[in-house]
Amino acid sequence: MVKVAIAGASGYTGLELLRLLTIHPEVEITTVTSEKHQGQKVADVFPSFSGFSDLQFTSLTVSIANECDILFLALPHTTAMNQVPDFLEGSCRVVDLSADYRLKSQETFEQWYSFSHQQKETLDKAVYGLPELHRKSIRSAKLVANPGCYPTSVILALAPLVATDWVDLESIIADSKSGVSGAGRKLSINTQFAECNEAVSAYALGTHRHTPEIEQEISALAGREIRVTFSPHLMPMTRGLLSTIYINLTKDMELEELGKHYREFYKNEPFVRILNLGTFANTHYVVSSNFCDIGLQIDSRNRRIIITSAIDNLVKGAAGQAIQNMNIMLGIDEKTALDSPGMFP
Amino acid sequence: MVKVAIAGASGYTGLELLRLLTIHPEVEITTVTSEKHQGQKVADVFPSFSGFSDLQFTSLTVSIANECDILFLALPHTTAMNQVPDFLEGSCRVVDLSADYRLKSQETFEQWYSFSHQQKETLDKAVYGLPELHRKSIRSAKLVANPGCYPTSVILALAPLVATDWVDLESIIADSKSGVSGAGRKLSINTQFAECNEAVSAYALGTHRHTPEIEQEISALAGREIRVTFSPHLMPMTRGLLSTIYINLTKDMELEELGKHYREFYKNEPFVRILNLGTFANTHYVVSSNFCDIGLQIDSRNRRIIITSAIDNLVKGAAGQAIQNMNIMLGIDEKTALDSPGMFP
Amino acid sequence: MVKVAIAGASGYTGLELLRLLTIHPEVEITTVTSEKHQGQKVADVFPSFSGFSDLQFTSLTVSIANECDILFLALPHTTAMNQVPDFLEGSCRVVDLSADYRLKSQETFEQWYSFSHQQKETLDKAVYGLPELHRKSIRSAKLVANPGCYPTSVILALAPLVATDWVDLESIIADSKSGVSGAGRKLSINTQFAECNEAVSAYALGTHRHTPEIEQEISALAGREIRVTFSPHLMPMTRGLLSTIYINLTKDMELEELGKHYREFYKNEPFVRILNLGTFANTHYVVSSNFCDIGLQIDSRNRRIIITSAIDNLVKGAAGQAIQNMNIMLGIDEKTALDSPGMFP
Amino acid sequence: MVKVAIAGASGYTGLELLRLLTIHPEVEITTVTSEKHQGQKVADVFPSFSGFSDLQFTSLTVSIANECDILFLALPHTTAMNQVPDFLEGSCRVVDLSADYRLKSQETFEQWYSFSHQQKETLDKAVYGLPELHRKSIRSAKLVANPGCYPTSVILALAPLVATDWVDLESIIADSKSGVSGAGRKLSINTQFAECNEAVSAYALGTHRHTPEIEQEISALAGREIRVTFSPHLMPMTRGLLSTIYINLTKDMELEELGKHYREFYKNEPFVRILNLGTFANTHYVVSSNFCDIGLQIDSRNRRIIITSAIDNLVKGAAGQAIQNMNIMLGIDEKTALDSPGMFP
């Protein structure tokens, strides 16, 4: 059995790691930390785990790195950033679900996150954990930076197009719609029920921190710097994330050709599904699963491609993808604990 | 007192007309029709009207046109299209909330709605009922074609820009998010609770019938044919509609300048509010009201304007705007029955 | 114009007072307080009020009592309790929406609220503001204690039965279901969207503080001490409160007779509606309105009456009833600002 | 591998059977029927199954009984009632998720369902499939009548009390709150999103068809005829069912004693969890799982027990329990395919 620890297990991504790892046949969870709930039993705080876990939440210390083979960090950004080098001194490998090691460039961190990243050496070692693009590097990585939810949906939707000469990469617009759980479990007036229920709103237009993450990966694929307009929106639902992505065509093309290209591109990917032509992505079909569903459309009147991409923000957008990365790192079947259909209805 | 009749009063826009007209001090509702509920009392079918209405639903006949000064048609598209000329023979004036008389061109109807419009003469007389653009013509119109919910939010958001030379009108993309009531009250599997609750989905991308309506009005303002990409989405909420609109700048500009231009453009409009700079539109602040809230952003890295525009789809997007049109037609205060803040929370 | 001040105007009941008073033709709002937002404009914090209010939130001081004719206290329990005697020294009359003056007995406060109530004299003067039971005393009251949301729905449902000899008053069980806004606007993990969305839960079974409030009024009607079992539940919706109330019959009776009795009992009440027999209460028909809808059923197999009672917890359950009380105190039409149907859908 | 067929696989309980059986390691699904979707692939109609199922929906014929070892009937009541004897002629065993074989008495069917049940012989053979009460009979049953969702939650909550002499069995009141998926997938105005969203309503008070099902099982446990008052309510959520049950104590007792009794009663049950004392049931902790969570309270002022009982109506209330029954019938581990925690959030 692989020994696994979860730091920050009482947040929503931490809880989702717990839920999915509970049914993972090759994993034993050894440690779960929560500063807020330390000393309490998981099942007392979250009765859904009654009968599944006898663990108590503990406080996070560096020793955690020696108690496990895989350490998941499900902590707020920057909380454990400077501890990661110490964790890596231990025997474990780390999957960090925060943004702390996602960007390659210290300057970009400074520009978008307003802090000075001190761990250049560790940053250089980190692998961006999107298996569809970086599976090989993930396999041997000591530190995997698990992608953000928005970037996962947007990058997967765009990747098949970047290498083609069919589109104008300067024209990318990603309009994303996320469920409220994406904001995490910390108290906030904006995520109080009566504030966000029955409401759709835009936020951080053009300034959201997931923008450079998308740009980094698209630029790497394109071999040159690409910028995107990224617009997040908050939806009155708990889980689910839909991105609608616009990109100008540089030539006329048929939807069938586009569909064929996407199917070919992702033919070996277990968690990317290209929807039947004429069907657009719907978060309802992926909720609770690790799938990214991609729907395609060509607006031929305006020579634009419209891509829709749906994930469960807590699964493929966070905990599920982290476990997919763990499976790859351990050389076990990538689909273990993740091989189930979405919950509909 | 002005005598008012509502054809199709048991649908969602019909019910909203009833609700708002109930508090209109200068209106007496004389007739409400519903084929499904004819013979039943309004208050028996919809207990919210208990104490407010003793009316019974009747069947729609041409004689309705002689029983009222204003006839609201809140019927499914094409249901009453060929009766409208007959209605106009009567003493009443008509506000049609369906799409039947919104487009100027018979060809466009054929292309987008797949039917052949037989009422060219009446079509020529119809005024597109967006008060912010056509108040003067509405005043004397015999027939007002009340705008669709999506076009209302998109056209109001774009109008101030069209006359400027700041933007590339070929680059317009409108990504709209609507509550489920926009689909009407007829039974449909897609609008069953367990299907659309906790789900966000795209539909009719690039092919929605509100596209030519938007294009007609933007083109008229621009003085040349303009095409837009329009993408509707279904949200898990009852009311509210948010459009996020993208348009490329042809020059660098400051957000302050843009805000000033919008405030100036709409300074005399009672139902358009330009949000403080840095605040984006949120449907929560307009629900149950006739307001269209507009939020502005410039993505200077990509030289794009991002406009957010929020309405209640049943009020400013349907019944409220219809009453606003009626008030204008009757020469009474445009805000009558509509002058209240949104319901938050 | 009557001068009105709202203390605690940035909470949900305070905001609802603001919304409803905005459309009250005989009221001028002079002061709104909020410790959290003092110095900010109402319309900047809550854009729904843009165009309706130029007021700034201020801090609450005793001088407020001299700036208004009616002072609404929409503050958390005990916050202003000891200031109320000072407020009453001023020229104003007070409607307190907190629980601070609802109970007649200091002992009951101590027992259920765990504090020692120091204002016996003022407590004696306070009138329990349920117009259907205490209209006459409200008219001349200096201090009205506005009822809680749960008690409003339960007491109105039971009042017609208490004076009869048809039922066993020892058998009362009230099972109530409330929307989340009832918990107020303060931050709480239990009212975060992702916690209470898609969830129904019971809380404070048999121990909720609204229990003695219900018992006080039922006991007063009965002329002897009556105890009730009261069970509150949290519902995944913003507004609305439904109580289902069970009481054993001491004789067989027909539903028609029961219905007739209820209609007779409430025949002069503008805000209580007895639903058609066979129709049960649904919060959807009262949301945004000041109505209490009451549905009746007899379970003759078990000789029990089942009463359903629906209100909007923020209107008839708080702000609307407070304004109804104000109207009564001022001798103006009780329905002013409240005379509109619920918002359906 | 066990061969399994699902009749009525495109309804919500049918889809949930499909979802759970997809991850069942000992099952092969051979046939799925749907009159509405026959000829279509499951994954084309329900994209959540893309990658999991290549099956096509077929029409239901009697031959299905020879194509499988276990036949699940997930059809509307009475649809297949008269075919069941023919199915049982085949090689398969049947789990019927409809109400058709739940009641022992033809008279009770006639009284509550208004039809004359013609299959007395088969009725006599049917076993009521609540494993906690009838595990032994289920093991060898040819026909299992899978319990209704409401009865499952109510019977499990009451069973431990019936054999005691602590309570008055004439005083049982069950107030139940169900998510909308419980109403099934057929079109209905009451389950349209805009009708039931943001609304709580009571229906079928004292007359719901699940009443005799509850009474049958409680009476059997009590050894005499017991009647209950049962009140269903519709909640604005997709899944989840909470029952709050009231029963009068005939003596004073402590909560600790009650808790101990319940824990003892269910100590060997894998899917019933007694919550910590002071914690009440919340549907959020059981959604997507097969658990029934039971919370206990004593209202000592009124000498009443208040039991709260939460299930996922589609899992323990339908498909999950059906699979639990199948596992028992087949002699495999009862928890197979069901051994996972609820999805929170």
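Order of writing sets the labels: A, B, C and D. Residues in every chain begin at 1.
The rule is simple: a contact is a pair of C-beta atoms (placed from the backbone, for glycine too) under 8 Å apart; a residue touches a chain by one contact, two chains touch by 3 or more.
Bear in mind the structure is a predicted one, so any value in this text is a computation, not a measurement.
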A-B compared against B-C, more contacting pairs: A-B
Centroid-based (C-alpha) most distant chain relative to chain B: D
Between chain C and chain A, distance of the C-alpha-averaged centres to the nearest whole Å: 45
Centroid distance [mean C-alpha coordinates] between chain C and chain B, Å: 36
Rounded Å distance, chain A centre to chain B centre (Cα mean): 38
Residues of chain C engaged with two or more neighbouring chains: 12, 179, 181, 194-198, 236-239, 282, 284, 345
List of chain A residues in touch with chain B within their complex: 173, 175, 177, 179, 194-203, 205-206, 227-229, 231, 233, 235-240, 242, 244, 246, 280-284, 287, 295, 297-302, 304, 306, 308, 310, 345
Sites on chain A touched by chain D in the complex: 12, 15, 19, 22-23, 44, 46-52, 181, 198, 238-239, 270, 273, 275-276, 279, 282, 284-286, 288-289, 291, 293, 314, 339-345
Complex interface listing, chain D residues touching chain B: 12, 179-181, 185, 187-189, 191-198, 236-238
